[in-house]
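Got some structures for you, see below.
One chain, chain A, links the two complexes that follow: it is found with chain B in the first and with chain C in the second.
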Partner chain A sequence: MAEQTTAPVNTDEIKSILDKHKDQVKLSLKLCAHCTLCAESCFLFHVKDKDPRYMPSHKFINSIGKLYKKKGNVSRKTLEEISEIVWRKCVLCTRCYCPFGIDIPKMIALARQICRSQGVVQQFDKE
Partner chain B sequence: MVKAKRKPLEEIRDAIKSYKRVLTVGCGGCVSVCMAGGLKEVNTMNAELKQMFKEENIECSFDGFTVERQCNMEFLEDVADKVGKFDCLLSMACGAGVQYMSERYPDIPVFPAVNTVFIGVDKEIGVYEEKCRACGECVLGYTGGVCPVTRCAKGLFNGPCGGTNKGKCEVSSEVPCAWVTIYDRLKAQNRLDDILKIQQPMQWQNQVQRTIIQEPYKERYAKQD
Partner chain C sequence: MYDFIRGPFAWAALIIFVIGTIFQLVRYFSLSKKAGIVHYKTIPAQKTPESAVQLPFMARVKLTILGVSPVTVITSTVFHVLLIITPIFLVAHGVLTDVAWGFSIPAFSEGFSDFLTIVVMICGAYFLLRRIFSARVRAITTLYDYIIWVIAFAPFITGFMAYHHMFNYNVMITLHIFFGGLMLIAIPFTKLVHMFYFFINRFLMKSEHTFGKGSRTW
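And then the complex of A and B:
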């Protein structure tokens, strides 16, 4: 469960984080051929009966990919949706494998960093 | 998961008071889950330290950053561009994280802000109970899933000591005797034969720093002769 807050999203801060890693994010998104090989290396994908939403590629495209394509101009609701992906659907075990060498864990970690920068974090003190 | 508890503020103060710029580094792993050293706890502790230092007229500035996990070198890189701007690091990770942080940034002092207490389970939100001491010789298979290393005060492997009293341990009348619990569990499962097999004593003297390599990776990491 992501933290609920009504503070405005600081899109400049998100852009600044994205800019620092722009080349790698851009290249990663371009390189992904949707081959699904990464899915085979994800234990959560298997545990969740091969639910495609648990495919590492799906997770990084719909988190950092979304932030990149929108150039950081996202709503708090979008950040909360992204936080559900990067925390609830990924434990960041760093075991996912990409034949093209995309560093998927780094992409997920970056999306988490952006969520954190806006105060959207997992609440472990709530049911 | 690993469970930790924040150190007393006074102990942290004594460790860092001679430094002017302190970076508190949280960990997004186990210590976030047990609410000892995640993003929220970094912010809370920094606020408390600022207040304390102000009241005691100690000059010091605090900043905070939370990495995904301090037990993974890759994630420790996330703080690389910040480290140089500080005089010391205050790590809120478990002991493994603090050590790995010190290894990655050997030129800067790293202090622990939490005590790593045990491997345990979540009883309630904020309430954790020890279940495993990571002894490396798991015997749960013959003890009905009750750990005698963790739950027996003497860590006995072959039945209770003479101090067992009406199902309780001699160290406290509120502590259940692990071996009575083991007996009851095995009896209910009709497996009492399991505790008739004598177990060899634990080789505690061999407790040097341990490394494990999972079976499928043995060939990859085999030492070259």
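And then the complex of A and C:
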């Protein structure tokens, strides 16, 4: 469960984090040919009956990709959705393989950093 | 229309392709930096588990992307190789360079080029069907992917149709030159940029899966 808070989202802070890695994020999103060859390299994809939402590409497009496309202008609800992806659907085992060499774990870690900067984190200890 | 497409448009496409490519390469080198030297801690040979070093060749292949998705990887490899060599070694294109600049490179026979074009189109059909019917591919497919598919395959489809005089030849050959130019323009500025960023990312960038030295980093 994501931590419940009503504090407003500091979009400037998100933007400044995104700007620091803008080049790599932009190129990674552009380079992803949506080929789905990364799917089989994710153990969670196998464990979850090959649910496409567990594909590394799906996770990175819908987390950091979403943040980048919206230029950081996201609601708390969106951040909570992203936190579900980057913590619940990925354990950052860094075993995903991209034929184009996209550093997917770094992209997921960056999305985690952005969520964390806004206090949106998963509270595993309170379940 | 034909004169415009084969004249100013074709030149503009070629110039945009060359300048766009140079722009992307310069941008890459200005945005990335030299990576520091990493000293990897290696496991002493005598302590390496035997099972790890003596895995049969086929078992190791099965662990690679080729072993996991053989059809897609083989189709993709064949497609990408033919995408480059089919138009370069085509007789008709050689005639064009000969008429324009007085030189031409050796070409495949017309029949063989025709066969290669058919193979490219079969690969295209595979990618399209996969995008429509495979749930995992569909999950991350957008309209943009279909546009890129059209840009990549239209030059081959129209070229094939023009060669075989299907429908109206003048219309087909004009469309063929248009889509060829469109593809050149699109390469540096769309997802097709992977044509050279694949090599940069896999050979130059420092990463676990690098094919080269991995001498640069962001």
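Keep this in mind: the second predicted complex is superposed on the first by the 127 of 127 C-alpha atoms of A that agree within 3 Å, B and C clash if a C-alpha of one lies under 4 Å from a C-alpha of the other, contacts with A are read in each partner's own complex, and residues count from 1 in each chain.
One rule holds in what follows: a contact is a pair of C-beta atoms (placed from the backbone, for glycine too) under 8 Å apart; a residue touches a chain by one contact, two chains touch by 3 or more.
These numbers come from a predicted model, not from an experiment.
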item	value
Touching partner for A:61 - first (chain B), second (chain C), both, neither	second
Partner chain(s) touched by A:53 [first = chain B, second = chain C, both, neither]	second
Partner with the higher number of touched chain A residues, chain C or chain B	C
Which superposed partner A:100 touches (first chain B, second chain C, both, neither)	second
Partner chain(s) touched by A:31 [first = chain B, second = chain C, both, neither]	second
Those residues of chain A which chain B touches in one complex and chain C touches in the other	94
Chain C residues within the chain A interface of the complex	31-32, 65, 68-69, 72-73, 76, 131, 134-142, 145, 190-191, 193-194, 197-198, 201-202, 205, 207-210, 218
Chain C partner contacts - residues on chain A that touch it in the complex	21, 23-24, 27, 30-37, 39-41, 50, 52-53, 55, 57-58, 61, 94, 97-103
Chain A to chain B touching residues, read off their complex	92, 94, 105-106, 109, 112-113, 116, 121-122, 124-127
Interfacial residue positions of chain B with respect to chain A in the complex	28, 32-35, 38-40, 66, 68-69, 72, 74-75, 78, 125-126
